[in-house]
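Shared chain: chain A. Partners: chain B in the first complex, chain C in the second.
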Partner chain A sequence: MTSPLKTEGGGASVVVDGDKESAKESQTAQVEGRSPGRLMWIRFKRDRTGVISAYVVGFFFLIGLLAPLISKLYGKDPYTVYADERPELFDSAGVPVQPNGGISGDFWFGLEPGNGYDVFTKLIYGIRTSLMISLAVTVAVVLTGILLGVTAGYLGGKADFFIGRVIDFLLAIPAQLFFIASMPVVVSLFVSPRDETPTYVRVVALIAVQWALGWMSLGRILRGTTLSLREREFIEAAKVSGASSRRIIGKEILPNVVTPLLVQSTYLLPNFVTAEAGLSFLGVGIVEPTPDWGQMFSKASTELVLQNDLTYMFFPGVSMIIFVVAFNLLGDSVRDAFDPKSAR
Partner chain B sequence: MKEEVVTKDEATVPAARGAAAEASGEPLLVVDKLVKHFPVKGGFPIRRTVGAVQAVDGIDLTVHVGESFGLVGESGCGKSTTGRLITRLLEPTSGKISYRGQDISHASRKQLAPIRSEIQMIFQDPYSSLNPRQTVGKIISGPMEINDINPAGGREKRVRELLEIVGLNPEHFNRFPHEFSGGQRQRIGVARALALEPKLIVADEPVSALDVSIQAQVVNLLQQVQKDLGIAFLFIAHDLAVVRHFSQRVAVMYLGKIIEVGDRDSIYARPRHPYTHALLSAVPEVNLDGDEEAQRERIRLAGDVPSPISPPSGCRFRTRCWKATEKCATEEPPLVRISGNGPGHLTACHFPEEPTTGARDEDIVLDPALAALEETEG
Partner chain C sequence: MLRFLIRRTLGAVVILFLLSIVTFLLFFGMPRDPALMMCGKACTPANIENIHHVLGLDKSIPEQYWTFLHNIVLGSDAFTQGPCPAPCFGYSYNTNEAVWPTLMDRLPTTVSLTLGAACVFLLVGLGTGLLAAWKRGTLIDKTFTAGSMVISSMQIYFLGPLVLAVFVYQSHLFDKPAYNPFTADPVNWFSGLIIPWVVLSTIFAAQYTRMARSSMVEQLQEEHVRTARAKGMSRRYVFFRYAWRGSLIPIVTIFGIDLGSLLGGAVITEYTFGLPGLGQLAVQSVAFSDLPLLLGVMLFAATMILLFNIIVDTCYAFIDPRVRLA
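Up next, the complex of A and B:
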């Protein structure tokens, strides 16, 4: 072993020389360590289900993102009432004349009975609306979960007790009922019931209501993780060096809660998509003419559509099933990649 | 035989150790009547304090500049709590910790800032003492970043130097902790502690999580660091052999109190407290020759350490001591230099043992099951 004093004193220049040489070597020798995140990525890439699901999920997000471009290339938009524009395509009841809901070269996914909206553009715009709302809810929930969960776990004591009881209280509320009951209330906070409600108010209300009852599970998980991290010795080591609470939370704790955070958020997002669809289905979410994934189901279940045009339900239904299943499979794969020891 | 070797060893290295052995030198850390009680909460619906775990109950110790001070004792006797109190990871209930004459027992984080770099800690578990999400370079340069220290040539160069000091490849500074073995991780922990050029390192069982061959390497590394850089160590361990190898002065703790303290030879060759005798006799030793003279005394204690929530009155060891009398229950023995002790050798006992570890006429076997076993054998 080299003497420490030697290396500190006269040997300094030698060390520097050695550095240069070995730096050259390291380009070939690959001394670069593999971070836990990199290892996770390598494990994830090996998981075929996960990769396929990721592509499917990515495809949906791409569709949502590029909806205006796609509809431009396709040459139609979801607001045109084709019952007025092309009345020859509909019978007297407003049902498309051609079989299978009017599927043709012009209208790929058919036409909506009644108003005669184009189903294809309606669906891609609906996906766009739903994903945007769900993404916003997820971001809000993640931020709240980090803030309250990590605070409760790190501070402990009274703060933990208080936040814990708030979580218990909110978890005791039946979420779906609360959503249905509170949506009109929240909307009426912004707009008088006599006026027409602008779409953005409905969107904000949907996000707020889902966020209010959505953050608790993540908050609890992060609290538990932080609680166990707080007792680890590397936190004590940082304290012994004089690190501030801010630094300990930012540099020592947060990087270590990324794993449960990412896994939970990939499970949460499809839940929010279905919940949002459910609310729109029940009529308290997004309403016509704004296209929305869930609202299409509501339309599909009206008497007119249900009796005359079962095909209408097919595209939104199948696409949502594919999306939710793919996202959940992705969540499983992410979890397996992060924590290979957990049971499959 | 062994003692002779040790003394010879000391004679050959007069400079570094001689300075440290002069215990009367400059005190670096003085701990005075330090107490830490952890409250025990209970009751429903209103929780209140119903008792206290008296983890550390009034200990005094002094660590001198450049000295290695060992703290030994059974599990749960308050060694680690003492270490965490000194590094101020825990707030003392009462008592005083002074570092170079400055009272730090209740100092806030800001007040402690200048001292933080001088007192560092090495932790027990190398698997939880390194952040798995940071590279080795980041882990070691973290303390420098926090204390805003910019060594000449940059932090990265200093990290490479430190890695070399602790015997690791300096090229590994970009690697992550999971790519190292337990012993290597502990070396990284040592490098982190050295990063701030501390004057005192509290080593909390630094080798007890490592396997024996690695233990020796890490202990030798610590010894090298201590000698070369003149860092004082508070070495907390339950392994008597490791402490004997490493420390010039040793304190023995039992149930939150120091019951005997002295230099290495006093404690290991001329112990006075019955508990120290019992501890030493429990160290396994290979005696291939079956040499009668080399035989050591045999003491087998019965039972467990009493609960620190309600420790025994008087002398805390009396419930397991073969010499205990009425006096031990009523009067707490002070930690003093009793007659027959060398200078600096303090013992807290009313009825001290003879200062030898040689075999007794009759083994002391307090455990009834063990006693029965021995009888059938004999």
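Up next, the complex of A and C:
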């Protein structure tokens, strides 16, 4: 959730024509030019919470990236149905015989009740799928936000009005209902309903629907920032000296919207992760056998698991909490590093 | 004030109109033909054509859309299932029941769930948030801040099944969540909804704690608050009279958005606990390519969002004397 509290303070520090100035701020004895980016980095490194959460977040991305390697070293994959391979590990209902969901030296996180997938590989591959989708959505949203937000703010007038109304309209759409309703439609654009839907089509569809309703908040913020930048002297100066609109946007405005952009995208990404997981939970996202974070929750809410195997739901649940908490803390730290005035 | 309301209402109507078009087009992009599901096993092309004709699907899309708009405003007697008075969304393809009464039938579930949870999370969230801001920097503040951070990062699809597993399936302390109408049986109404309320309000309360705290802390740094303190007013008075009022604005905004979107169907909550509300209806309508039902739910949910947007904006004028509605 993006609260209006967080959206303030966009464009507090101004970068003029690239990253050259602001040497005044350096307090060391020897005068040394420090770019705002460098200052931000120094402030960020001092923030212990921020650094730790950055490591945690990095750890999750690393797991996602290295999932195939990890599972190779670990010697299992998320697709093997151990209920068929090693039936002695399961009782007649398909619940692991050993306590705690079948956790053992062989199966670190236990086995999934029912099909008996290996939970550890399923989780790391699930994280991989979810993060990949959410990252793609974030990139798409950031690009759209820049394009439409900066355009609306810079051009003003009719373009601003039109984009503003589009944003109003999209904000009024009930997001979850729209996702559920449009997923089958987007999928059917790629494959005929009689064929088996390949996983990549579902992934593309998930990215598309989340992107369609995900860019508005960022677009609005960038519009606001651009709007206030447009009236500043250095833009005026650039205009007077005959710079083209393209140059002004590229060289003067874009470097100055980097701050709100970075802060907002660190808040957006975990939201996309949980939203994507929610869709898979409802059964309209990624479906078995492709591993997915959210789909593990839908497995965890079946009666078989609820009745017999409490352990199973903790792995996706706790890992997601850690991920979201770390990402939100990181977002706060990034914001504070960029804008030291906004004390919490 | 009146001009503001009229302008916003007109804007909302335009948005609903556009949304109905989008939903209409979305339906015609859906891969499943509703006629195929309705005619069952012994299905001939002639049967399908017949069903298409009965549903009006053989007409052109603009023509169908026009009929749809006409029926909403004026009602219709053309349905084989029976007459359909003014807000007529037609009859569900799947259940053959009129859509508007179905929506009204499901609404109490969603309203009970939402309002019950909203009361709890607003009270608990604001209470703990204000307490944390009042005791800023102390152990209480740190505990609440850390706790709310973790809890607000939980998802309903994790906490819901967890609570179900612990309290219902394994210890049998509570019955499975279910909806019983309040008018028929208030006790069962309460006991059936207690788990969904607790789960929904836990997560939301944690978000409101964070919001109330940060909004309050921000307000306490405002100039007018400092002036009031400098004048010698008591901390308590300044806290509850000066800062509190200003900190309400972002909270009211988010509360309006949350309430609006929950009242349009708390999809994941209803799905998790198997409650027959609007959200569940929406999931069904998509599963059966049920255009009248889908349009009904979609427009209803959007109306709720827009309605609460307008209410929130009107509230600003009462909270903040600087805001003038125009």
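Miscellaneous remarks
We adopt the following convention: the second predicted complex is superposed on the first by the 311 of 344 C-alpha atoms of A that agree within 3 Å, B and C clash if a C-alpha of one lies under 4 Å from a C-alpha of the other, contacts with A are read in each partner's own complex, and residues count from 1 in each chain.
Assume a contact is a pair of C-beta atoms (placed from the backbone, for glycine too) under 8 Å apart; a residue touches a chain by one contact, two chains touch by 3 or more.
Note that this is a predicted model, so its numbers are computed, not measured.
When the two structures are aligned on the shared chain, A:Ala93 is found in touch with neither chain B nor chain C.
By the document's definition of touching, of the two partners only chain B reaches A:Ser35; chain C does not.
Once the two complexes are overlaid on the shared chain, A:Leu189 sits against chain C while remaining clear of chain B. In the superposition on chain A, contact of A:Glu303 is made with chain C only, not with chain B. Once the two complexes are overlaid on the shared chain, A:Pro316 sits against chain C while remaining clear of chain B.
By the touch criterion defined above, A:Leu177 lies against chain C but remains apart from chain B after alignment on the C-alpha atoms of chain A. In the superposition on chain A, A:Leu143 makes contact with neither chain B nor chain C.
In the superposition on chain A, A:Arg247 makes contact with chain B only, while chain C stays out of contact range.
More residues of chain A lie in contact with C than with the other chain of the pair chain B and chain C.
Common to the chain B-facing and chain C-facing surfaces of chain A are residues 1, 3-5.
Of all residues in chain A, only 1-5, 7-8, 12, 15-16, 18-19, 22, 25-26, 31-37, 232-234, 236-244, 247, 251-252, 255-256, 258 touch chain B in the complex they form. Looking at the complex, you find that chain B touches chain A at residues 84, 87, 89, 109, 112-113, 116-117, 119-121, 123-125, 128-136, 139, 142-143, 146-147, 153, 157, 160-161, 164-165, 167, 170-172, 174-176, 178-179, 189, 192, 196, 221, 224-225, 228-229.
Only residues 1, 3-5, 168-169, 171-178, 180-182, 184-185, 187-189, 192-193, 274, 277-278, 281-282, 284, 294, 297-298, 300-301, 303, 305-307, 310, 313, 316-317, 320-321, 324-325, 328-329, 343-344 of chain A touch chain C when the two sit together in their complex. Across the complex, chain A is touched by residues 11-12, 15-16, 18-19, 22-23, 26, 29-32, 149-150, 153-155, 157-158, 160-162, 164-166, 168-170, 207, 211, 214-215, 217-218, 221, 250, 253-254, 261, 264-265, 267-268, 271-272, 279, 282-283, 286, 294, 297-298, 301-302, 305-306, 309 of chain C.
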